[in-house]
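Since the structure comes first, as structure tokens, the remarks are kept for the end.
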């Protein structure tokens, strides 16, 4: 049976290959997987997890982290008090149907369903917890007002960022999803379920899961949508302006893209 | 080598027995033995002299007198007074002498150049009233040979008797076989007429006029023939039209 | 199992082949060959078109009915015409000395050249049988001290290339139409007529050319044309001037080493550069390519991090 029995162009990538690719991306574009406030990024001692990168990252001064603004401390306003944080994805693994790499938690209804992928990753993070001495730096009482024209207006002092060391923790996160082929030729992962193991109370777990679900979906959409051209290693057929390429319809191909036999497969039909 | 022939072959059209060119010759027989003095004239000018020795002891049945050679010298490229040069035309050497048997004949012809010559030959010991032989008036028994190349319609006139004839020279046809003109035609010049007064010949085919009366044969082109009006177009040299190949399905 | 598998149906492979085919062109000349009594100079240029493709289970790709379009095929045959004399016909023969009165002889001869423009002719590549051959290309301009990223920034990345490596290229003899034979004879006449001086009137040329009626035979004799002129031209171009060998070599070299049917960078860029971030590139290893009667298959592995 030929790969192209029902199509003109077939491209497939094995889960082992994607896992290798994930490793390459993590080492070459660490800022996709590591987020922190500026006070944390500038001090290796404060990172929750040391980051393994290629020499080129330092050589070409690519950042290890994506710098994010610190969190505001509730109750502070004049001045605003902020605290830093660190969030890192330290491990990522993908498994295609029939799953054999990742043991899904019960909440995600194993075994992995047909045409589905599963993801396992470890998220490590922590909020900066300032020392008592840091807190003593915060001015007592509200800072007064100053004259402006004929009125007194409240002063707006700059925010205070309290310093400290993050209290790091790590979570195991499991994701189940599928792939869609977008009209503009991208393979987009769509998350159908996400589970963080063992967080209590459950509502806290649900909140975190919701936040992570949003985050994963955004990253998949914005950063990790796979161009079909990249999946097929820029096969020349994809660049020919004289022919039209379309995803092979159903019938004859029931699932396109398909996740089966530990591979992600795409089927393309050529119209001349 | 590229090309060797005399331009005059193709630029002189028409013939006159009284003005010999490359395409006209006269054959005359001197039946009386003796020494003859000949003069080559071009119009009123004397261009050369020669002698003919008619000797009954001579074995020569013919003498060929090239009038151009006499006028220009046997080798016009050699300078005068060059005794070491073979065939040089040194004046000190005297006129050329041709020897022939009285039962033979002398051929007067022009091998090169524009020609336009006639000859006057007279016995060196002739009486005063003997005017000798003037080729401007062909005698009985003389033969005038005309070679016509230019295709067209000609008129033939014996200006001494008024006899007339017409002659057509056909246009040559190129073909696979090499063109060769047929054998010459013979025309007898009677007193008032030509025996055969309507002739058609191919280019280069000779016409031999046999004199029965004093004659001066003049052949004049009346209507040239420049060949078919619509000749085949010049062979194409541009790209040929490609035949259909096998195209992509 | 390989990490990456790409397959293209025979129909899709044909489309890729058209890219390769349409990019091919050749040109040569002016070149001259000497063949004793004559020489031949040619200038040629052309391209490929058409063709049908078959994939076989033995791993071969067979291309048939591929046309060679000669966008330029100019040939000039030059020879030295020996002195040919016409005329000298005898009017009054002389029994003793041959000819008493005759038509003066005209002799012509000298170098003549016969130009032939066969541009537009179409001949055929009988067959091309090829295997797919992957080649790892390292740009000779790449500094050995460069990293892969530096090589990319300097425009000299390494590449994987897959060529259609011909085992056999066979080009059919150039089929010269019969009309060219007639044209050639006319051109010979024109060339000989060009030897005649320009002042010669047309009727005089016609007389001389009629008398030279045999001149075509003389030229054919010098050139060694025994049978049809078009067959001789075909043999001159194809075999004696070695155009067939030149073409077969040019086509084979082109497919085998100059224009790959498939090419991509290694490491392969999976995420583009953006906002000051360099591109993310993944190494591709163990590239294999095969064909069977249904499809072309390319397999490769992602190298370790």
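Letters A, B and C mark the chains in the order given here, with residues in each chain numbered from 1 onward.
By definition in this document, a contact is a pair of C-beta atoms (placed from the backbone, for glycine too) under 8 Å apart; a residue touches a chain by one contact, two chains touch by 3 or more.
Keep in mind it's a predicted model, so treat the numbers as computed, not measured.
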Quiz item: Which sets of chains still touch one another once subunit C is disregarded?
Solution: A | B
Quiz item: Centre-to-centre on C-alpha atoms, which chain is most distant from subunit B?
Solution: A
Quiz prompt | Chain centroid nearest the full-protein CA centroid | solution = C
Quiz item: Where the centres are mean C-alpha positions, what is the separation of subunit A from subunit B, in Å?
Solution: 114
Self-check item: subunit B-subunit C separation of Cα centroids, rounded to whole Å
Solution: 59
Quiz item: Using CA atom averages as chain centres, what separation in Å is found between subunit A and subunit C?
Solution: 58
Self-check item: Sequence positions of subunit B contacting 2 or more other chains
Solution: none
Exercise. Would you tell me which residues of subunit C are touching subunit B in their complex?
Key: 14, 18, 49-52, 65, 67, 69, 83, 86-87, 89, 91-92, 94, 96-97, 100-101, 103-110, 115, 117-122, 124, 177, 179-180, 183, 186-187, 189-190, 195-197, 199-204, 206-207, 209-214, 216
Quiz item: Which residues of subunit A touch subunit C in the complex?
Solution: 2-5, 7-14, 16-17, 20-21, 23-29, 31, 55-56, 59-60, 62, 223, 230, 232-237, 240, 242-243, 262-263, 270, 272
Quiz item: In the complex formed with subunit C, which residues of subunit B make contact?
Solution: 1-7, 9-10, 22, 25, 27, 61-62, 64, 107, 109, 111, 143, 145, 147, 149-151, 171-181, 184, 203-204, 206, 208, 224-227, 234-249
Practice problem: Going by the contact rule at the top, pick out the subunit C residues touching subunit A in the complex. | Solution: 1-9, 11-12, 15-16, 19, 147, 149, 261-262, 264, 268-271, 276-278, 280-282, 284, 292, 294-295, 297-298, 300-305
